[in-house]
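In structure tokens below, several structures.
In the two assemblies presented below, chain A is common to both, partnered first by chain B and then by chain C.
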Partner chain A sequence: MKGWLKQAALLMVLAMLPALLGAWLHPRRPSWQSDEITVTGAQALGAKAIWVDARPSAEFEKAHVPGAISLNEDAWSELLPPLLDVWSPEKTVVVYCSSLSCHTSREVANRLKDEAGLSPVFVLQGGWEAWKQVQKGDK
Partner chain B sequence: MTRKASAFILLMVIAAVFIAAGVMKAWNPSAFAEDIRNYRLVPWSANVVLALYLPWLEMAVGGALLWRKTRGGGLLLALGMLLGFLLAILSAWWRGLNISCGCFGSGAGSAGTSSGLLWDVGRDVVLLLSVAWLLFREAKIEKRICEN
Partner chain C sequence: MCQHAPMWFRCVALLLLPPVPAFADLAWQRTSAFIYAEPGDPSQSVQFPFKNTGNHPVTIKSLKSSCGCTAAGLEKKTYQPGERGEVTARFVVGDRKGTYLTSITVTTDEAGVQPVVLQLQPVILPLADLKPTFVFWRAGESHAAKRITLEVADGQKATEINAVADNPAVKTRVVPLMAGREYAIEVTPDPSAQNTKATVQITANLTPAGSRQYKAYVKVK
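Now for the complex of A and B:
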């Protein structure tokens, strides 16, 4: 058993070497900077923030962050131009979807970065649910 | 089929699973980091470290299982990793997170459906039990060698 523990420790150390090389040289290495932003962090951006609602249009119609622009993948080509009209390089795009477990905000954020070439683009941590929670707390 | 032959085949299958899973994740650590983030267990910087490290650890474990002298250590690590993954996926399910397991690189796996999640958990439990059996067998063999 002691020998096995030694082997396991050696394997763990061995795996570190290519991992370190990957952190330095891998063409698809992840960025150390997270692309997520908290509600308070996004609110602190003030007028610099462009809020993008990645939920389905019906949900956007019901309620959304004040001033948010609807942009979802179902109507991408129709909804993208209004965002590009208000965007400028000094603005920060904050994309949100329903909650922590939804993925559409990330997909929209990735498309905004890759296809539209916008930067910086952040994903709102916790999405619309988190935004509502913070509003409740402020009242 | 003898018990020895079944153990050997099982070992080869597990080694292949670990190596394949590691290679697929090492191909795109960026996407794997996103998969780990979906579990919402650790901060982003830790996700990055895990995304760069875990694929290579999986490959090292898979390789160790193929070699008689390192099999015990490889099985021990495999058991720990499978247990860790099982706990992570169960905790995500408990918290109601809609995730893809990311077991074989990004986009592969459950894609957040409950049947997919059941499949991921089932596969992990089968692998876990197999590794536990092989570890137990390996301990018996080692004991026998020491006694003689």
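Now for the complex of A and C:
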């Protein structure tokens, strides 16, 4: 029984070695840090935060987080320069879309990091719906 | 053996049977489709044809898209037995890049029939990729040249690359890294440049695709 346990432990260690090496050396390893931020966490950033609204422009026109900049993939090259104008390394970018189920905020955040090289960039948990809920709760 | 099972056992077994969905009258020619495009292409449309194979008219009550990037349309709502129709999905390519998966949920007035999910998989690949698209110099940082790399996709060959900044305080120079495939655009702000910005317009002549334009942004604090 003991020999069997030893063999199992040895196999586990041997299997973990290449996995650990891969996690350490892989050029596209996923980040250990979460790239999501809560509404209260984002609000705590105050003036350091640049809010980016990744929803379609028509929805942005209806309502948005005060001071937010519209940036979506429908017109990326047209909408990106106003964000770069206000960006500086001291700022934190917070991207949101409609709700928990939308993916556009993550796509926009990834492009800001990968293509424009901005950092830090966070995705707002729960998006615009969560932000509205928090505002309701504050009143 | 079943005949000897007690009545309570038969009732429980009956309750545990999985529900059988009603048979849908709309028969779809396909429920998924790919779109291949390049960033900046006009919107692309795909048709999902169907036929009412049942004995009763079917009304499509709603078409719900999973993404603001996809609009779904129908010529009319009610289809008679044997009648054909199609759902048109229009995907806005815009400046999107990469692989997407969007869906349209079709709900009809047929009792007990689950909505049908039509899947659209747009694949939007640029013929050349620019990275990074933004270069930045902090206040007090040396105005040494920074590089933007232009990499041409497989199957294409660049024959001529030009990079022009719209601000004379920013100089550009194209350096071939791998002829026809990879180039560096060196961007250098004037030593005296401060609180300035520029847009660098990069033109690439690609074979066989033709001329393509890309933009990179420069900011100096």
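The rule is short, and it goes like this: the second predicted complex is superposed on the first by the 121 of 139 C-alpha atoms of A that agree within 3 Å, B and C clash if a C-alpha of one lies under 4 Å from a C-alpha of the other, contacts with A are read in each partner's own complex, and residues count from 1 in each chain.
Following the convention adopted for this analysis, a residue touches a chain if its C-beta (ideal position, glycine included) is under 8 Å from a C-beta of that chain, and two chains touch if they have at least 3 such contacts.
Just so it is clear, the model here is predicted, and its values are computed rather than measured.
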Problem set entry | chain B versus chain C as contact partner of A:Glu73, first or second or both or neither | second
Exercise. Taking the superposition as given, does A:Ala44 touch the first partner, chain B, the second, chain C, both, or neither?
Worked result: neither
For this session: For A:Ala63, select first, second, both or neither according to whether it touches chain B, chain C, the two together, or no partner.
Result: neither
Exercise. Can A:Gly117 be said to touch chain B (first), chain C (second), both, or neither?
Worked result: second
For this session: Tell me which partner A:Pro81 touches in the superposition: chain B (first), chain C (second), both or neither.
Result: second
For this session: Considering only touches as defined above, state whether A:Arg106 meets chain B (first), chain C (second), both or neither.
Result: first
Problem set entry | Residues of chain A contacting chain B in one complex and chain C in the other | 102-103
For this session: Quick one: which bits of chain B touch chain A in the complex? Just the residue numbers, please.
Result: 26-31, 33-34, 38, 40, 43-45, 47-48, 51-53, 56-57, 59-61, 64, 70, 72-77, 80, 96-99, 112, 139
For this session: Going by the contact rule at the top, pick out the chain A residues touching chain C in the complex.
Result: 55-56, 59, 72-77, 80-81, 84-85, 87-89, 102-104, 107, 111, 114-118
Exercise. Which part of chain A faces chain B closely enough to touch in the complex?
Worked result: 1, 3-12, 14-16, 18-20, 22-23, 26, 28-32, 34, 36, 100-103, 106
Exercise. Touching chain A in the complex: which residues of chain C?
Worked result: 67-69, 92, 94-98, 130-134, 136, 138, 197, 199, 215, 217, 219, 221
